[in-house]
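First up is the structure itself, then whatever we jot down about it.
We just call them A, B, C and D in the order they show up, numbering each chain from 1.
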Amino acid sequence: MIRILVTGGTFDKEYNELAGTLFFKDTHLPEMLRLGRSRLDVAVRTLMMIDSLEMTDADRALIVEHCRRSDERQIVITHGTDTMVETAQALAVALTGGTRTIVLTGAMVPYAFGSSDGLFNLGSALSFVQVLPPGVYVAMNGRCFTADRVRKNRETGVFEAI
Amino acid sequence: MIRILVTGGTFDKEYNELAGTLFFKDTHLPEMLRLGRSRLDVAVRTLMMIDSLEMTDADRALIVEHCRRSDERQIVITHGTDTMVETAQALAVALTGGTRTIVLTGAMVPYAFGSSDGLFNLGSALSFVQVLPPGVYVAMNGRCFTADRVRKNRETGVFEAI
Amino acid sequence: MIRILVTGGTFDKEYNELAGTLFFKDTHLPEMLRLGRSRLDVAVRTLMMIDSLEMTDADRALIVEHCRRSDERQIVITHGTDTMVETAQALAVALTGGTRTIVLTGAMVPYAFGSSDGLFNLGSALSFVQVLPPGVYVAMNGRCFTADRVRKNRETGVFEAI
Amino acid sequence: MIRILVTGGTFDKEYNELAGTLFFKDTHLPEMLRLGRSRLDVAVRTLMMIDSLEMTDADRALIVEHCRRSDERQIVITHGTDTMVETAQALAVALTGGTRTIVLTGAMVPYAFGSSDGLFNLGSALSFVQVLPPGVYVAMNGRCFTADRVRKNRETGVFEAI
């Protein structure tokens, strides 16, 4: 079984039509898995539903703790792209020498907005997590990076190797 | 670089609004890669644009030949789901002991119809192909099977292990 | 109150992902009205769910009868485009001198396929029906024609005045 | 010919994937007319591209002036919903006794977000403008109101008669 931990991020942003602003409500993960006709055995758990720019050290400690105590050895974490690398590195440090394969992924465009990269990234992350050796990874743009070898280029929005 | 060979299938079906029927025109692969914000180095080549129920032995021989002569060691083939397993097995037999990782994928719903599983499957196939050892695989429903261990369940539309 | 009579047509075609063919199941009208945030007082009734090329004289007699006995004076009929004009003319002949405003509309692309003209046409038909004098009309492509002054150009798919 | 004046509003909001915020770029009107297979003879002109909460008296004076000098007697104005009624009333006062039919419309959800009411409202406004007598109207939710008899209910987002 694959554990999916939801933390929010662009993935799950929605449009509030009364206020004209973006906000978080429920995760779209189950709907996305249905659309992708996924037949993987997964357990989804929402840890928080926030913009990753607002993620605190305490939030990261919570994510680390959930990974540490997870019964599953394959974990996918959906996460805002702005601080995804930071969380990946916190996980890598805290779980050094672990037996789990952890893949973080996200989206540049909200799933609810029709033209999102989210479904592509989700398919990608769920695939990498099944075959990569234990470690912490970031899966974005069809690529997969280890936590210590990646950064988000803020000008292009693209994740790249360092 | 990853080679993508396009053969048609549901992936690329479109709606002909004058005739009210489904047909093939051009592949949607480049558009899908753009939507997924893919930054993979890929080369797309359309070999044919057909329903996989109409795929002949000659068509399969052509696909085998293109894989055999491909400069790339990672190959993704988009294919109709009805005979995807048959083509995978033809490839496995013809390329025994090869050095290439070949992943076939497809879709249950045309990409052009908005609610397709295609983007999820494409993200999945492009990820599996980067990390799996040489061999021929089918990537559908988030799972990956070796060519000799899979069948399509025609009643549910789901690919399952045998 | 506006009466909406559903007869099928491209509007309501869906994709059968097991068979790879188009078919009719339930009407999308309620979902379309919801998407359009319609606040009109409407009553939807499905009379049949067929391709308009298969519509018989008996089917048309049924539509006429429902219009004749309708309590509402404003009626929108969703209909396949191929024989929409024929049904409009049958209604015009049968209901000469009537007190009802009847507007037929349809779509070139199924609503379920994401890029449909259906929502535009529905908004159009529901607007014309509220303000036009009694008579039978066809509302397509943003235009409105009386039943005796319109034809579908089969080469372009466009409805035009004659 | 129908004149379409674009002023921005939710209709034309887009998602900036680098900043994660909503913004205005170009109008989606031509794309929407294409999707609706509109065959109306229209001339689109963008006057401004703003949130209607930021519309000033000078902006409204500009809209009035464009309507006053328009060669076309049928005018559709796309507008943010928050102050649509205010602009409609400014037009009604300034153009009293005029010979033009002016219909304002908008959307609760951006067209670019896939699940918008915009296409429905556009089809509606373009239909009302062809058949209503001279005057200033608001077309939303499938309904049409004269400028002096409508308000937006800010709690429900629905336009209603007063």
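Basically, a contact is a pair of C-beta atoms (placed from the backbone, for glycine too) under 8 Å apart; a residue touches a chain by one contact, two chains touch by 3 or more.
Computed from a prediction, not measured in an experiment: that's the story for all the values here.
Contact with chain C and chain D alike is made by no chain in this entry. The chain with its C-alpha centre at the largest distance from the centre of chain D is B. Centre-to-centre spacing of chain B and chain C amounts to 39 Å, using the average Cα coordinate of each chain. Averaged Cα coordinates give chain A a centre that lies 26 Å from the centre of chain B.
Chain D has its Cα centroid 45 Å from the Cα centroid of chain B.
Annotation for chain D: residues touching 2 or more other chains are 108, 114-115, 157. Two chains count as a pair here when they touch; such pairs are A-B, A-D, B-C, C-D.
Note for the complex: chain B touches chain C at residues 10, 13, 15, 17-18, 20-22, 51, 82, 108-110, 112-115, 154-155, 157. Listing the residues of chain B that touch chain A in their complex gives 32-33, 35-40, 108, 114-117, 119-128, 130-132, 139-144, 157-160.
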